[in-house]
Structures are given as structure tokens and as C-alpha cells.
Amino acid sequence: MKRVGVFICHCGTNISAAVDCEKVAENAKSFPGVAYSTDYKYMCAEPGQELIKKAIKEQKLDRIVVASCSPRMHEPTFRRCIESGGLNAYLLEMANIREHCSWVHPDDKERATIKATDLVKMAVAKVMQNEALVRSTIPITKRALVIGGGIAGIQAALDIANTGHIVDVVEKEPSIGGRMAQVDKTFPTLDCSACILTPKMVDVANHPNVNLITYSEIEKVEGYVGNFDVTIRKKARSVDLKACTGCGTCIQKCPTKVPSEFEMEMMDRKAIYTPFPQAIPNKPVIDRENCRYFKSGKCGVCQKVCPTNAVDFTQEDELVTERYGAIVVATGFDLFDESVYGEYGYGKYKDVITGLHFERLLNASGPTMGKIKRPSDGKIPQNVVFIKCVGSRDEAKGKAYCSKTCCMYTAKHATLVREKIKDSNAYVFYMDVRTPGKGYDEFYTRTTDQYGAKYIRGRVSKIYEKGDKLIVWGEDTLLGRPVEIEADMVVLATAMVAKADAAKLAQMVGFSYDQNHFYTEAHPKLAPVETHTAGVFLAGACQGPKDIPESVAQASAAAVKVCGLLSKEEMPTEPIISAVNEAICSGCGMCVPVCPYTAIDLKVIQERIHGKTVSRKVANVNSGLCQGCGACTVACRSAALNLKHFTNEQILAEVDALCL
Amino acid sequence: MERIELTAAWAKGQEVLAEVTKESGVRASKCYQCGKCSAGCPVAFAMDKTPREIMRLVQLGLMDEALQSHTIWLCASCDTCSTRCPREVDIARVMETLRIIAKRKGSVAEKKMDLFHDLFLKSVENNGRVHELGLILGFNIYGMQPLKDAHFGPSMLLKGKLSPLPHTIKDNGEVKKIFANVRKRGGKL
Amino acid sequence: MSITEMPQNWEPKILVFACNWCTYAGADLAGLSRLQYPPNIRILRVPCSGRVNPQFVIRAFQRGIDGVLVAGCHPGDCHYVSGNYFTRRRYLLMQRLLQYVGIDPERFQARWISGSEGPKFQQVVTQITEEIRAMGPNRKLRDAQ
Amino acid sequence: MKYAYYPGCSLSSTGVEYDISTKKVAKSLGIELWEIPEWNCCGASSAHLTDHLLALALPARNLAIAEEKGLDVAIPCAACYARCKATEVEVRNSKEMQETISAVIERQYTGKSQARALLDVFVNDLGLESINTLVNKPLKDLKVVSYYGCLLVRPPKLGFDDAEDPQSMDKLIEALGGTPVDWAFKTECCGAAHATTKSEVGFPMIEKILTAAKETGADCIATACPLCMSNLDMRQTQVGAKYGQNYSLPVFYFTELMGIALGINPQELGISKHFVDVSGIVKKLNEAAGRRDTA
């Protein structure tokens, strides 16, 4: 026999003013299963809790209903209370007779009392079906993985490592550093990007808790929070990192020149190369697609000149599998392919370039040694036109969103043109100037006031070459007149877009992305670094356009989340999850696509039927992934799935209790 | 400059704005006033308002001003603006619709152009095809500029480029019917 | 049953399935803000509006409930990513099913009410109570039993 | 290969040579053109300014006749093509419009018969390689800027070529043995719509295009539209006089250049009907061909 105890709270007069608590307690005595019912002034207070504990013992109660405030307020309190009274925490139900009753019906005590009675009746009916549930735990592997070694990945890795946890950083390129390494100076302070980035790169490389795994990619991810099994492909570098001293002799002697990706193809690199001088690791890699040895079997110069015998043509890709407790994804962004703007002639006119090209032109170790020169003829441009929102805020040809960084970096570029080129003009075509951020608008104001850049409100419609000039057609929308500029160079502030392989990576790790393939945070305001997948966190521009300060802030936030997770030995799991009744599951698989957390898969079980062993498919809920939403239970036509603590039977019992 | 009282203007423009929206299929609110249309418009130099300004007038419901502008008549229907608009606003279609409505309302800023189109269509209705010589002569006579482009005439005739007689199709009943049917459906031709 | 046979003092009884994260919290907020509404609704807490099996709704009508409201987070705001998306799809199916079994489909409603929309909660349940009251008691299935 | 052929009004007057050269070239390429009997004016520059339904109905009649024959329509004039294409697309995309139009023209038109630009047909259906193999008098050393005009490749969603930097005519010139010259005014509007009614507006537009073409050092302009032709050829001297320029820049229909390359006697193609003298170019081509013959 089940013995339910019912406890009606007055909440001082908060409840009792509108609900006749004694009467409700009295009514409850007649509900099936109720062995004891009482009311009290303050249930959550020490004496109230003692009252419950005492009743459990004296009345031999095996399940409890508390009718009081919202369970969102005190469910944990009363769960702890009955637990210390010797009952399983999940043998509690609450009836919300304050927020949902007394407070909203203060003037109709009779009907409020009827309603409170109904609510208690429902809770009693439900609790009769409650089962003891146990919170289990899963062990946590105390090692974190950071995917992507840009500024966001570097910062996250450093913060995690500094708390004493081990971090692996997997970077696709031969060096860490990301886009920030390509940028020359950074807004809003104009300090040199390398000067602030390089020390961080060195720190992360030298940190005893950090393993850099460069020139590598994620191949497979299995498992879930606490225990992700990740397979990493270490691409053949053709240089033995341990033997190589980074002397650079091989690079000097290599006869093969290839346009450098890092320098936006405005300069050459060799087939054996480091992407940039401050690269980390500062050891070369052979680009097998272009190396003569790999193309024709001839050459091998680098191997011959290497004093330490580090060049190894026979190296092969290596697959390693490692277990991690948490993952930070920090894979950054790409730039929009502006060649879709036929009217701007990108790709056709050499002196129409992107902002990133311009960064390299500004950089002292770039193709022009930091002198702003035109790619076509090396002349110093006098009139430089900047066009903002290229590919951003353009539904027709590009992306609908704002790329957030380009207003600022264009202001930076315009400032630098005026600073570096005597008598130059910087014209900026803009639609809006978006500079929210500390010191940002002041920076923009200096660009116009102090540096005299000319801002023209309007989008450019056409650029064409006339002699060695570029004619730019725009409208000054503030004047309402078409305008034309004879420019020497045009710089397009192209949109920040998701990495080409962003969706693939998200599918592999198992979290969601938006229509633009930026990664989706768990909540846009309150969980901006979490994903919907427990244990996977986001940092930097892979989640959406961001500048460096924001990327760093997000990285540190993600690191805290990771450390919070790794600081525990094991993790309790919520027992309110879905369970499969294998006996009646038909294996139809209807439930599988419904689960937002991909917690359900089909497994094969062996059964003995009439003395024969047969195997069949049944659904299998991964308790580490299930979050207990219950969507699957509705999808199952055989009613083989049920959600613990909110079972079909429990809910139907509540419905019946209310109606009958 | 005269101050516009926006609330009253907005209320007044609603009916025409609804017509423009319905007939052009363009929601003016989509335009974010970037000016790319005007920047590339080949006729902008001759217009009294840039195409973007026309869109702005429509957005604010200042329909009289839009309908009375020369711009809508000067637009060459080249589609440059619609092709490049980042918000996929079909401005050329808005211009077209405004012209049609201006004509309907009798507020035509470029009377001569309007006359030409009328003659053109009359020629089509009567002959099934356009008789270029007749059209040009007619236009210049009605338009009070009898000698305009006259110097092209003789050499055109010589080159066999202008026929003194209209080209007609044998049975023009079908084309006449098309005009009649369009009129029946409310077309003001 | 004709209107004249309507029991005296009849009050509609309405069952509200409220998702734990949005609508239940919205109802709590209505309480905290002391926003009054008719005492005809009874809230049944579910983790997500997507947990509501059409079976539950049918059962309630069978047992004589006068109206059912399923309420959850706004589309796109679901605590469980996509649960309310299923609710949306099932809603129309449910209404058709009810029509089939002879219940006025208007007795069944689905609404999106977030945790910060206390006033909206008040407004929605007030409105629904009045609508159901106007429809009179649901007898169809109970009588058929 | 068989197409319905819609010449349009201009090709029987100002653009006769376009009609003549089209027919000759199609014949030697083995393309059969079935001229739509009793075709009517598509309403080109005027109908769409007066009434949207009329603007769709006029071209629809011609398209409907072609549809009855089961043929797509090859259209040389860019303006006619644009109107016909707009009709085809609107009818195909809306059942309602299809019914309305069919009722207005009192013929059935479903949008199945497609409006095709003649250039598109030559370049994409017949193909550049086939054309190239038939060339026997290549346009050697002839530098040509291709002028597509504003209507041929717009709107981009309907076009058969890139709306900002179309290539088909350039590639065709190349296939004919000529040298296509890249420039930025391929699709700039020449203001043909205002040629008669407000020519003062058209002049600066024509000036821009002719100046840009001249600056590239090209020998001539190739065009695909009789309205562009009138503006660039017939009005060239007038515009030149106004801006103090002597362009002397011959303008050809691309079909004329094709005809010449295919070995058809230039006179038969109607090139003597041009206003700007083309004899210099013909002579140059003949000399080149002669050199080749004797070599």
C-alpha cells in the first residue's frame, strides 16, 4: 500500500488569505492513497521541514505532496528535505497553490479553494505513480581539446592550461595564429598585431600543459560530455619536428616558388615553407602538391641541405585517438568571395583588393615592406577608395548580416592611408558607421576629424578601369547626387563568413549551426559560449563575426566553462530521461530523428524466441545525451518510449484526477 | 525649404501607395536607402530626383511628389538598378508602375514622352505593327517640333530603313481584340 | 443537451499543459505580479510542449474537460532546441482529429508564452476561458461513454 | 535545329540589315528559322509604360503561335527579347496569369515555348566550336568591343549570361577569329528608350559608350540590338559633333560579323546600310584573307 502525505502551506498569509488551507488539507484526506494530510504556516522554514520529516517516520509515508509555492522556487528544498527524512528525492510532487492560485485569485476564496483542491488532487494522483530515481555519475576525463589555433583558440588553451588542466590544440594550418597573424595593426589602439599576438603564441607553445598539434584535422568524434573520443589526422609534414632546428636552410635552397596564401598571393613562398616568420612551430612543412620531388620524383634539394636530416619524404598521415572531457571549437572565419560582384571587377582589376590584402600591404614583413603600393604597378596610390559592407548586408549577392568588424577596420585603414601617404585622399563609401565598443566611436571620429578621411554615405554601383585609374561610381545619398571618384586603388571590406568546412565539422562533433553556417550558441543572451551539446563550447568568430577583444572574452568564458567541468571527478546525470521498453519497441526508428540531441540510436539485441536466437533492432537512449524533453515519447507509436518522472501514466493520472 | 508634415502626408498617400505595392509587387520598406541604384543609373544625371529618392518618397507615402517627378519618365527601363539592388527591390518596376499610375491620374510631368507612347500604341493597335516613319512624323507634328531628326529622313529612306507605307499584318483583328480585352479588364489605354 | 439544460452555476474547467521553462515560468510571473485571471484553469507541468501526447488531450476531452491549452516557448526559443516545433505541427493535426470525433476544435488551443510574458499569460487564459464559456460545457464524449 | 523567328518591328525598318544578316547566317549554319506568320509588335518601349497586362499580352500572342508549332522563339532584337522573356516567365510562374493572358489574347499560351535571344541560340545551342569550324574568312586582327546593351542579359535571374560581365559575344568574336577587347561598358544603357522623345538625354549616354569604346583602341563595336545600333551608328556623327569628337567607329550587328567570317559577301549582308563607313574594315579583312590565300 502506498502511503501519501500531503502538506499544505499557508505562506504566512500569502496563500491562506485566498485559499482555505485547512479545508484543502481536510479534502485531501479523501483522495486515494492519502494516509496523512496537514497544513502549516511556513513549510519551507526549519520547523515546517521537521514536520514533514517527522510525519514520514511516524506515519510511515512513502511519498509526499507539498502544496505551496512554485516548484521552480522550492522543489530542491523539499527534495533535500524528504531525502534527509529517508525517502528518495523523486518521490515528491508539488502543487503550486501560490503563484498559480492564491496570488492570482485573491478575491474569490471559494473558487480558489476549489482550484487548490484540484491541484493537490492532481499532484496526489501523480505522486502515486512516482518511482524512486537515482542520479548516476559518469567519470570525467581531465583533458580538454581546442579545435582551431587562432587568437580565440590560443586564449582558451592558455586559460584552461593555467588552471592545471591538460589541453590539446588542433590547428589545421602549419602554424597557429589565425587571421590575427595576418592583420598588421589592431583597432582601436593601433598597436601592432604581431607584438601582442606573438608573445601569446610563444606562451601557449611553451606551456607545460599545452600540446600543439598543428597541420592536423579532426577525423571523427564519438562519445559525449566527459568522455569524447576524438580521432585526429596528423597530416604528413615531411619534416621531422623533433629533428628540425628551424634553421631555414632548406627553405632558402628550395627552387620551387608558390604564391603565398598568408600574403594573399601577393608574394611567393617556397614549396618547403613556414607560413610567416613568427610561425609556431617555426619549422617548415612541405607542400606536397607543389613540391617537385612529390610531383616528379626529382629534386630533393631540401633533404640534401638539411644539416639534421629532418626532411622525411616517406612520412605518412598519422591517425591518433585521444579521450577528452570537453571541447572548445574556435575555428574562426573566412572572407566572402567577392568575385560575385562583377560590377566591382574584383579579380579583373588588380588594384581592387580586399581588406586583408590591404593588411599585408601595411605590414613591414609583407610584400611591399609596409609601403602602401598598388599591386598592379607598385605605384603609391594617392586616392584610395574604401567600400564597406561588401557581401555583408546584401541579400541579393551576399549575406544578410552585418560583419561587425569592417566599420572599424576600414576606419583603421583610412587612418593609415592618411598617415602613411603624403597628400593622399581616403574616401570611404558607407551605409552606416557601426562602432559600438569602448573607444570605437572616438576612433572613427578621429578618422574623419583628425585624419581627414572623407566618408560618403552610399553604396558603390560600379568600378571600371580608365587608363591607370579606377573610376568609382556612387551616390552621395546625403546630397542626393551621383558622384564619381578617380581612384588609384579600391579596398573592399568583404564580409566575414563561416569556414567552408564549418558545417562538416559541426556534424562531426555533433552540434548545430545556423543558415550561414556560423555555430549556434545554446542561448543568444545567457549561454553565448555553450552549444546545445553538453561539453562542447564555442569561442571566437566561428560563432559569428567578432573582433579580437570579443573573441578573447568569449575564449576566456569558454575556458571557465571547460574548467568548471574538468574540476569535477565525475558528473551527476539527471535521472529524468527517456527509457525504452525493449520488449515492445518495434525498431521502427521514428524516434531517432525527433531527438534534438541525437541521443537515440538503434541497436541490435539478441533474443531467444521459441528456443531460437533471433536478433532485432531496438531503440537505445544514450543517458549521457538525453536531456529529458520527452519529444521522442510522442513520436513512438508503440508507446515503447517513456519519460521518467513524466511518464504517460503519470500525466494521464493527473488528467483523470482533474476531470473525474 | 518647406517642412513636410509627415503624419498627414502619410495618411494622404496610403491609397496610392497601396496601388503601387499591389501593381509592382514591391514592398518599398525593403529599401535601405543605400543609393546603389542611383549610383549606377545611367540617366541619373538628367533626373530631378535620384531613383533612391523616389524610393524614399514612396516609403514615406509622399506619393504626389513621386508621381509628379520627371525621374519616373526619364527612367530608361534599363534594369541596372534592379540588377544591382542589394535588397532585391525591383526599382525599374516601381518606376514603371508610377508612370502607369501617373498617367491614370493625369499627372504626367513629361507630356511629350507620354504622347509618344500613346502614338506608338495607337500605331500597334491600328496596324498590328509599328510604322516608324508615321510614328516619328506624327510625334514631331503633335509634339510641335516638325523638323526634329528630319535630317535622318532622306538617308533612311534611301537606305531602305524607313518605309513610307505602314507595315501591317493582314488580319489585324486579333491585335485589336487584345487591346479591347485589356480595356475590358480595366486597362486605360 | 440544449443551452436551457445547462447546469446552474456551471463553470468551464480548462486544462493547461505548460512547459516548465517558458509558460510555467510565465504563469509564475503572472502570480508574482498579482495579475488576476478567472480561476478556471489547472496547470499541468510538462518538461516541454513537445512532451504533450495527443492521447492526453483526447483523454481529457473524453473525461469531460471543457477546454485544453498547450503552451510553450516561442518558436526558436525552445529550451530543447526544437520541441515546440513538433508541437506546432501536431496542433493542426489535433484540431482535425477533434473535429473528426465531434469536438469543437476551438476547444483545443496552442499558444507561445515566454517566461517573461506574465501579462500575456493572463490575457491568453482570460480570453480562452471566456471563449470556452461561450461554447458551453463539453458533453459529447462524456455522454457517449 | 529549328526555331520560330520573331524579327520585331525594327528589323523591318531601321534594322533591316540585322534581319538580312540573321537569315543569311542562320541558313549557312543550318539553322531553320520559321518566321511567325502575321506576327505583331511586342509593344517594346511603350506598352509596359502604359499597362502591365497589355505589355504581357502583346508578346504572348506571338509566343502562343510558336507554342502551337512546338517551337522556341529566336529573337534578334534585345528589346523584344526582354519583353518576350518577361512574358514567358510571368506566365510560366503563375497559373492565374496564364489564364488571364490566354483569355486576353484568345489563344492558349502556357509559357512552354521559350523566348531565346538569337545570340544565346548561336552560342549555346549551336556552340562556338561548330561555328568555329565553319569560319572560312576569320576576322583576323579585328579588334572588337562587344556591346550587349542593357536589356540582353538582365535581369540576372533570367539571363543566359553574366549580368555584369557577359562573355558570350566576346567568345563568339574569338570563335570567328577576331580579337575581343574587354571593356567596362558592355551593359551600360545607351538611352535608346529616349532616342525619339528626348534625345538630349540620350546624347551623353551615347557619348560615354563611344568614348569608352574608342579608348580601348578597338576597330569596331559589335551589337545585338537594333535600338543600340541606331543610337551608336546613326547618331554617332551627331553626338560626335556635339562633343567635338570624330569617333569614326563602325558598328556591326554580331550577325554581320558572323556572315563575313562565314564567307558571305559583306554587301549581301546589308552593311552598306550603316551610317558610319565600314568599308575600311571590310577592306582590311579582305586584305588579311587575301594574304592568307596567297600565303
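Should a chain be cited, it is by its letter among A, B, C and D, assigned in written order, with residues numbered from 1 in that chain.
The criterion applied here is as follows: contacts are C-beta pairs under 8 Å (C-beta built on N, C-alpha and C of every residue); 3 or more make two chains touch, one makes a residue touch a chain.
Keep in mind that what you see is a predicted model, and the values were worked out from it rather than measured.
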Exercise. Which one of the chains is closest to the middle, using the mean of its C-alpha atoms?
Worked result: A
Exercise. So what's the Cα centroid distance for subunit C and subunit D, whole Å?
Worked result: 66
Exercise. Roughly how many whole angstrom separate the Cα centroids of subunit A and subunit C?
Worked result: 36
Problem set entry | Between subunit A and subunit D, centroid-to-centroid distance (C-alpha), Å | 54
Problem set entry | For subunit B paired with subunit D, centre-to-centre distance based on mean C-alpha positions, whole Å | 23
For this session: Would you pick out the residues of subunit D that each touch at least 2 other chains?
Result: 163-164
Exercise. Residues of subunit B touching 2+ other chains?
Worked result: 45, 80
Exercise. Hey, which chains are touching each other here?
Worked result: A-B, A-C, A-D, B-D
Seminar exercise, completed: The residues of subunit B that touch subunit D in their complex are 23, 42-43, 45-46, 74, 76-80, 82-83, 96-97, 99-100, 103, 110, 112-113, 116-118, 120-121, 123-124, 128-130, 132-133, 135-136, 139, 148-149, 152, 155-156, 159-163, 167, 169-172, 174-175, 177-179, 181-182, 185, 187-189
Exercise. Within the complex, which stretch of subunit A touches subunit C?
Worked result: 70-72, 96, 98-101, 103-108, 111-112, 114-115, 118-119, 122, 512, 532, 576, 594, 596-597, 627-631, 633-635, 643, 646, 648, 651-652, 654-656, 658-660
For this session: Note which residues of subunit D are touching subunit A in the complex, please.
Result: 162-165, 182, 184-185, 212, 215
Exercise. Which residues of subunit D touch subunit B in their complex?
Worked result: 9-10, 12-16, 38-41, 43, 45-54, 57-58, 61, 100, 103-106, 150-151, 154-156, 163-164, 187-189, 191-194, 196-199, 201, 204-205, 208, 234, 272-273, 275
Seminar exercise, completed: Residue positions on subunit A within touch of subunit D in the complex are 341-343, 345, 348, 462, 464-466
